[in-house]
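Shared between the two complexes below is subunit A, which pairs with subunit B and subunit C, respectively.
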Partner chain A sequence: MSALIFELKDTPGQRLDLSPLVPARLAGMSRKDIEAVSIGTTRETLTVGDAFKVKGKDAQNIHFVGTDERCDKIGAELEGGAIFVDGDAGASLGARMKSGKIGVTGSAGVLAAASMAGGEITIRRNVGAQACGVALGETMGMKGGFVTVGGDTGALLGERMRRGPRGRRRQGGRLCRRPHDCRHARAQRGAGRYAGYGNRRGSLIFMEKPKDILPTFSDCGVMEFDYLRLLEKWLRDQDIRIRLGDRARRLMGDMAVLGKGEMLILA
Partner chain B sequence: MRGEEAELDSALERAADLLDRARFPVFGGLLTDIGGAAAALSLAEKLGGVIDHAASAGLMRASKVMRETGGTPASFGEIRNRADTVVVIGKAPLARDPDLVEKLFPAKPGLPRPGDNKRELILLGADKAKTPKHVSATAVDSRASLPELVALLAASLREGRFDLRDTALRAKIDAAAARLRKSAFAVFVYDPAEIEEPVMHTVLEMVRHLVLTTRAAILSMAAPGNGDGVNLCSTWTCGLPIRTSFAGDVPQHDAWAYDTDRLLKSAEADALVWIDALAGDTAARPKGAAAIVLSANPTRAAKDDIVIEVASAAADHDAALFLPPLSGIGMVKAGKADKGKPTVAAVLTRIAELIDERRAA
Partner chain C sequence: MEAVNKHKNASVDVGQVMFGQTITISGDILRQFDGRHAASPKKWALNQGDGNGTGVVPYNYKPKSFVNALQWAIGLEIFLMAEDPWRVLFSTDHPNGALFVRYPEIFHLLMDKDERARWLDDLPEASREVSNLAGITRELTLSELAVITRAAPAKLLGLTDRGHLAPGAIADIAVYAEQKNKTAMFSAADLVFKSGELVVRKGKVVRVTYGRCYHVEPGFDAQIEKRVKTFYDRYYGVDPSWFGVSDAVTTRRDASRRSQRRDDMAELKVKGVTIIETFAEAFPMVGTRIIITAPTMEWALISARTMTGFATSVIACGAEAGIERTLSRKETPDGRPGVAVLLFTMNADKLQTQLRNRVGQCVLTSPGSACFAGLEGEKSLKLGSSLRFFGDGWQMSKVLGGKRYWRIPVMDGEFVCEDKTGLTKKAVGGGNLLVLGKTHAAVLAACTRAVKAMAELPDVITPFPGGIVRSGSKVGSKYKGQIASTNDAYCPSLKGAVKSELPLNVEAVLEIVIDGLTAEAIHKAMHAGIHAIAKGGAREGVTHITAGNYGGNLGPHHFHLKEIVG
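This part shows the complex of A and B:
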């Protein structure tokens, strides 16, 4: 069965709420019913049929084509199935998702993967502020799942994150992240000011020295870490090729809070 | 109106016409009293628009942090009477209220306090130039940024290890932390518009660490322009804070999506109602859409603006406002009542009536 395709007709005149377009909600619906689903966010009524050309049938495999940064909440609360976005995604991509896969060829807006609990998101280009952070109305950031960002990230990446590895290949914004209680490692090339501010637990792995290291991260010197080799292998299995080696400079912190986390800068 | 003076009735008709045709109007500024805010909420609900306040950035940060982890706020009166150590974080609290120190440290002794420490003020990231003579004050200031100073104080408070080459700063930080540890009631004062969420969380971590052995609290500065009053009015009216849209079946709050500046820059909003009518406060109007300006201050009208001169709340008419010393809403008597100008509430109510008449016709 061919994928269910939503091809954007024109640049929308308002933000679109695409949260109803997930496999669990579209399963068993006819094309006419799908085209009648309301996705507008202003008092001007806007349905799926007004904004998208709808093709295909397989609601477990959804494709969005030609979308832009106004297409919000793609894959929000996803609970299985696959969504592929050929274009950009707006705010709250995959927010609160529990399982399934999302792939984006372009960039995503603010709050991508916010309060995500499971599943996998791959964004080929950049993400906006508060990626993997706290979704609206939630108290905690990302709790599980796997997110890969090919480009830059905005401020407050991983804010109040608890669990779930995240790979990032380029630069981060200021006050880069504040994981609350995360237990997994993540690899990133560089970071903006105050990386790791308020880090309680977990490991931040940097391929390059962050711009400003907080004095509340205590330098423990260069050490060997066997788990970096294991992590490198695991990332390779996830199709992410990053050379980590096994030596890194370790800084413990953030001592301003619990202080049981660490920052590793690859040697 | 279009740069020319017009009768009030004509301006109201034009405003009703513009708003009735608008696809997504935004009610911004909202420097008004509770009556004006309630009328704006009612009209926004009728039109499927958005409500936002000029001081929303700090308000949204403070409420986000409070929602995520909770907090232990203290009232002005409690701090004045019972706190023995007050830490003012950053320059904004004293810039916002130059009399803040005098309000928190009155010259005359107040009610009996816990502990026998002399009262002390610690200024973190600010200088003590304007501190009254009767107040024992210490300034912890350096080239270090405010987030760094907060992190250093928090680390020293927990007696954790940190690397700091500036020995003079280290001595000040350690002395402030020691003072906090032996305080009977320590309070941290900050302006949420000045510090970001991670820094606020670190301040709250300090409070949580202190309350294991003693008492501690925070005082988050109220938003200017009756921001807290408008926010409370929104909450008791529709169950959600400001930056809420009424376009859908149910109101929807989103601190990022319903920011006035963003809505206008992205051209998602096609009409702006800008309200600037509060004694002692004003805010710069953003550009980007046809505007209906309700102002008590002299304002420059753009080509398509409809400017309606209104009374200034608490100056021209009595006004219900959020009063920080009370931590609640109170009535403020007008300095000199001017009944010649309409109130914000009266103008917005009349516009709503005109829209109803148009729709009924």
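This part shows the complex of A and C:
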């Protein structure tokens, strides 16, 4: 069965709320029904059919084609299935998602992976501020899942990453800020300011040292991490080929909140 | 006898007494002990060693003895007063009443009233007075004699194919020429046919044939051996094997059975090495596999060997464990050299305890090591999730691809350990091969070869040192509290002292114990092992390959060597 494709017809006149376009909500819907779904964010009514050309049937495998930074909440609260974005994504990409996969060939806006609880997101280019941070209306940041960013990250990367509610989810989120391939590594700038602000758990892995590191992260020095080997091999299995090596500088924090999260800066 | 004659369902089994020397043998130890005073000559033997004693007391029945004379007369009276010969059975209760060689004289007495009168003349007056024998004139016919000695016993036992000379019946036949002197007549047959062959002609043996040795091996509950052993140990202080009857006693085996055995043995030889037709008895276990990685293969092996070092037998070690194989960088989760280790115990709780202790003490402690799951079983065991607390709160876990990994800070960096590993309940323990040979060197070389061959196969380990065990054990011991002791039946130095399973030319026996994640894996390993052992052929010095079992009562897995070789 072919993927369910949403091809953007034209630059939308308003920001789009694409949170209804997730597998769980589209399953079993006819194309006509899907085209009738409202995705507008202003008083001016806007449906899927108005903004997108809809093709294909497989709601478990959704493709967005030609999207731009005004397409918000793609894959928000995703609970399974796969979403592929051929273009840019707006704000709150994969916010609060619990499982599934999201891939973006371009950049993502603010609050990408905010309050994410599980699943995987791969962003080929840059990501805006507060990625892996705290979703609107939430008090805690990312608490599970895996995010890979190929380009720059904005400020407050991984803000308030922590354990899950009542300690049930012990898995902190991680963000690997990396270039899509190693040739671009030196051309990229570091992460935005205040990365890891308020972190209690979770790992932020950087290919190169961020320019501004919070003084509340304690430097533990450089050492070998078998975990990086494990990670590299797993990424290779996910068809993400990147050389992580096995050595990194470890910074632990955020000590402002007695956090036991970490930044690993590859050595 | 009037009562016997009256009741058609009554029969009489007579042990006829004859005057002269004989010997009495009985398991009625108290009767024999009481009768020791009557021993003639004055030598007797009583054996009360096994709870079922035997008494051997020589005895001489004398015609001048009132009692002996009465005993003699009563037997004859019964034969002669019985109206129906089909309900009277003849014997001398050999040797208690008389030796069976006295039969001709008894036949003579039964068939000739004048002969009886002659014997009666020598008896004490008192005996003659109380006996009715002198007044009996009946003389048994040859036909009646055949009935009481042959046909009636067969009929009473329900044996319809013998005791008569009808076509198809089973019989050895003696032919006598009619004589007046019946003693002389029955003492030397003119012709004797045995199994259809003429063996005696006119009193001379013309052909020697052997009889059959019937060998019966009825099944029995092996647990009784334990009870008997406990009983003997408690009351006699000796092993029941002291009272066993070894095969050496029956030196002449049945010819047909011997040839059959030769045929079997011919089928069960591999390069001249005899494969005994038996089976290895194995039992269900629970098992798991973990993968240990390290910066170098040397350190991965050190960690794995330390972890599996004292894990040869669940009897005393808590677990049976071993290195399954080494793993290349491509085969391990973290891309480092690794080793696959298998652990087995009798239940999941013990396996969990052993896994935690062994990984905690031997892998966590080993420089640069990491530990991962190696099995996706029907259930899971805690691995990192029970060791993480060593991190004292500094540990952290990461989930990759649905699997959780713990990172525990240690002095050389971090110990990475997967959260859980799988458990299988289909594991099998106790597969084994016993290798017998003429020299220790030959057996050791063959076993080493076999272990190497088995190490190439997946899902199995040989848990003992180098995969070989020289101290195979049996269950129990003469010493209280010792739950296992040396397998004396396979100790070459005890060949002459116990019920040994070893031929005289065997000087050494070694055992290979095999544990596997599946029964099929053990089957394959035993196949590879047998052929590796036999590779050197009989000329190398290995004589037999056999296997240990407990009569089929220990475990449901029976690995028959014949099927495995096939």
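Miscellaneous remarks
Keep in mind that, in the parts below, the second predicted complex is superposed on the first by the 163 of 267 C-alpha atoms of A that agree within 3 Å, B and C clash if a C-alpha of one lies under 4 Å from a C-alpha of the other, contacts with A are read in each partner's own complex, and residues count from 1 in each chain.
Note that in this section contacts are C-beta pairs under 8 Å (C-beta built on N, C-alpha and C of every residue); 3 or more make two chains touch, one makes a residue touch a chain.
All values reported here derive from a predicted model rather than from experimental measurement.
Of the two partner chains, subunit C is the only one that A:Asp237 touches; subunit B does not reach it.
Within the superposed three-chain model, A:Lys73 lies out of touch with both subunit B and subunit C [touch as defined at top]. Using the contact criterion defined above for the overlaid structures, shared-chain residue A:Ser203 touches subunit C, although it does not reach subunit B. Of the two partner chains, subunit C is the only one that A:Lys260 touches; subunit B does not reach it. Judged by the touch definition given at the top, the superposed model places A:Arg96 against neither subunit B nor subunit C.
The partner that reaches more residues of subunit A, of the two candidates subunit B and subunit C, is B.
In the superposed model, A:Arg229 makes contact with subunit C only, not with subunit B.
Touch criterion met: A:Arg15 reaches subunit B, while subunit C stays clear of it. Once chain A of one complex is fitted onto chain A of the other, the partner contacts of A:Lys143 are absent, as it touches neither subunit B nor subunit C. Shared contact residues of subunit A, touching subunit B in one structure and subunit C in the other, are absent. Contact residues on subunit C toward subunit A in their complex (touch as defined above): 293, 333-336, 368, 370, 393-394, 396-401, 404-405, 407, 413-414, 416. Subunit B makes touch with subunit A in their complex at residues 23-24, 47-48, 64, 67-69, 147-148, 150-152, 154-155, 158, 160-164, 196-199, 201-202, 205, 245, 247-248, 253-257, 268.
Touching subunit C in their complex are the following residues of subunit A: 144, 146, 170-172, 174, 201, 203, 223-227, 229-234, 237, 260, 262. In the complex of the two chains, the subunit A residues touching subunit B come out as 13-15, 40-44, 72, 91, 110-111, 134, 136, 139-140, 156, 159-160, 175, 178, 194, 197-198, 214-216, 218-219, 252, 254-257, 259.
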